[in-house]
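Structure first, commentary second.
Each chain gets a letter, A, B and C, in the order it is written, and its residues are counted from 1.
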C-alpha cells in the first residue's frame, strides 16, 4: 500500500533521512523503531508531505505523492496522528473529532464515524463537550487517534503514541493500537518503546541516524542480539 | 568628503535660490530631524505610533503659553520638554516593565497620540480646536527678528537654525550609537531575555532611548510652530502625523543615520514634483502615489532607500574569492 | 436631588446602542488577527470604501438601498481578499512590525485615493430615519437599526464559527496552524476565506455607519483608533473579550460625553484604555 524508495529529506541546514526505503502492505502493522533523533518523526512528516523529500519517491496505493500538497494527502487515505497529540486545546473533544472529518468524503459519513469512535473510546463520549486541552494524557491520545479515524483512512500513521504517558496508560494505548490493527486498518507506527511496539506489529524497521539499518519480522528483531543489547539493555 | 558636503549645504542660502526653494530645504531638514528622532527608537524595534503626541505638546505648549500668558517660547519650550519627559515616562515605564511590545506597544502609543489630539480639540476655547492656532506676532514695525520670541521673518535665519538642529540630531544619534548602551539596545531589541541575563537593565535602557527620542521630537514641534506660524491638531499631532513620521523614516531607511532625512527629502520632492507636473488639478495624487510606494517599499525594500542602496553598493564592491 | 436622571439613562442606552456597533467593528479585526496574526491597520479605511460604495450605488446610480448594501458588503469582502493576497501575503514571513506597517501604508493609500477619486466633500446618504421617542428620551432609528443588525451579525458569526466545518477550522487554525494540512485544510485557503469574512464584516459595518454618518476620505480616523483599542483591551484576537470591551468603551464615550463635551468622552475612554493596559497588559480576556 505504502512504499518509500530511496527517500532523503531534511530541514534547512541538515539532512535527517538518508536513502530510506520501506514498504507497508495493506492490512499490515509495521513499526519504525530507533533512538531519539533518528529521524522517525521526520519520516512520518515526509509521508504526509508536511515536508518535501529531497530525493526518492513515495507511493500510496501505486500513486506517487511527490506532487501532492500536504492538505491533499488525507484525501489519499493517509491519516497522521502527530507527535505529542497536537489536539486543538480550546476546541471540545467533539469539535476536534469534527475537524478530523473535514475532508468532503468524510463529512458524509460523519455520524457513522463518530459513533464508531465513541464506541471504541467510551471515555471520549463522556467528555465530548470538554475542552481538549483539559484532558489527561491518555485521553488526549485517544482523542488524537479518534480524530485521525474520523477521516475514514486506509493508512494510519502513529507518531510515538506512548510518549509522555504513564506506564499504566501506555499499556492501554498499545492495547488500543492492537485493536485498531485487528480492525483492518493499515498502520505504520513510529516508536521509542521498542519492547511494547514489537509485541503489537508484524514487521519493523530499525532507523538509526536517518538510515534503515535493520529490518525483519517483529520476532526476529526482538530476538536480535543487537537490539537486545543496545535498546533493551540485555 | 563629509565636511565638503556639509559646507555645501551650509552655503545653500547664499546661492540665492529664492524663498520657496529655501522653504523646501528647511522643510526637508526639519522633518528629517523629526523622522530621525523617531528612528532612534524605531530602529530598535520600539515602533511608536504616538510621536505625534510629543510633537503636539511641543507645538501647542509654546504657542499657548505665548499667546495666553506671554511666556517666551524659550521658557515655553522648557515647559513642553518637561511635560514630554513626564508623558514619555508615564507611558514608557509600564510598557517596558510589563513587556508590552510589538503590536501592543504600537497601539498603546497610538492611543496616546489620539488622546493628545482629542484633548487639544476638546479645549477648543483655549487652543482654537480644529481651526488651529497662530502665535501672536512679536515682530512689530520693521523688526524682522525677535530672539526672545523666537520669531524670525527671514528664512535664511531659520535655515541656519534648522540646519544646526538637524546636525544636533545626527550627533545625538551617533552618541547613542557610541555609548555602551547601543550594543545593549541591539541585544534588547532582538533578545530581551538574553540581554537581561547578561545584566543589561532592559527597562532602564529602553526608557532612556524613549525619553531622548520623545524630547527630540518635542523640540521639533517647538521649531515647527515657530517657523510655520500656524498649527492645528492634525498638522502636528494625531495618528496621521505619527504615521507620517513612521513612513518617512521607513522610506528613507531607519537603520542608517541619514536614512530618515533621505525619507523626508523623498516625500517632499515627490509632492513637489507631482505638483509641478499636475498643478493642483489632482489633489492628493502625491499622497496616493506615496501610499503605493510605501507598500511596495515595505514588501520589497524594508530597509528603505538608503538601506537598499547600501546593500546594492556592498554587492557591487564585494570582491568574489578567487577560485583555484 | 434625583439620582435617576432620565438623560443619563438616555446616555447609557445610547452607549449600549453604540456598543453593539463597535462590537461588530472589533469582531472583524479580531477575527483577522486571531487567524492570520496580522492587524489590519487600514480596517477603518476598508469600511470607508464600503461607505462610498453604498453612497455611489444608492445616490448616484439609484440602486435600491437593499440591493446596494449587500453589494457593498461583497465589494469590501473582495477588497479584503485582495489586501491579503497582494499586500499581506508577501510579508507574512517578515517581521511582525512590517505587517503592521504595510497595512499602515494601505491606510495612507486608501485615504489619498479616496480624496483623489471622490473629493473631500462630505457625502450624505440622504436617508433620514425618524427619531424614536420613549418618554423624555429620544433615540435615532438608524442607531437602533444598526444595533439590531450588528447583534444579528455577531450571532450569525458565532454560530458560523461554532457549528460549521469552516468555522471550526478557522478557530482551529489559530490554535495550531502547523497541523491543519493533516486535517485536509490548506492554511492559505483559510486565510483567504477569513480575509473575505473580515472584509464582509467591515462591509456590514459600513452599511450601518453610512446610515448615521456622512462619508468622507478621513472618516476612518474617527473610528479606526477606537476599534484597535477595543480589540487590544479585550485581548487581541479574543472575540468575546472584544465584545465586552466594545460595550465598556461605548459607555465611557457616551456617559463621559454626557457629563462633559463629546470629545472628553473619547478622551476618558482612551485614558481608560491606557490605564487598563498597565493593569492588565494582555487585555481583559487576553491569554498570552
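Definition applied: contacts are C-beta pairs under 8 Å (C-beta built on N, C-alpha and C of every residue); 3 or more make two chains touch, one makes a residue touch a chain.
Since the structure is predicted, the reported quantities are computational estimates derived from the model, not experimental observations.
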{"item": "Most remote chain, CA-based centroid, reference being chain C", "value": "A"}
{"item": "Identifier of the chain whose CA centre is least distant from the whole-structure CA centre", "value": "C"}
{"item": "Chain A and chain C, separation of their C-alpha mean positions in angstrom", "value": "43"}
{"item": "Geometric centre distance via CA averages, chain B-chain A, whole Å", "value": "57"}
{"item": "Between chain B and chain C, centroid-to-centroid distance (C-alpha), Å", "value": "31"}
{"item": "Residue ranges of chain C touching chain A (in the complex, touch as defined)", "value": "165, 168-169, 171-172, 175-176, 178-187"}
{"item": "Touching residues on chain A, where the partner in the complex is chain C", "value": "48-50, 69-75, 79-80, 82, 86, 88-91, 95, 98-103, 107, 147, 151"}
{"item": "Chain B contact footprint on chain C (complex, rising order)", "value": "39, 87, 90-91, 94-98, 100-102, 104-113, 115-116, 120, 217, 221, 224-225, 228-229, 232, 236, 260-261, 263-264, 266-267, 270-271, 273-274, 277-278, 281"}
{"item": "Chain B residues touching chain C - in the complex, by the definition given at the top", "value": "45, 47, 91, 94-95, 98-100, 102-104, 106-108, 110-112, 114-115, 118-119, 121-122, 238-240, 243, 246-247, 250, 282-288, 290-292, 294-295, 297-299, 302"}
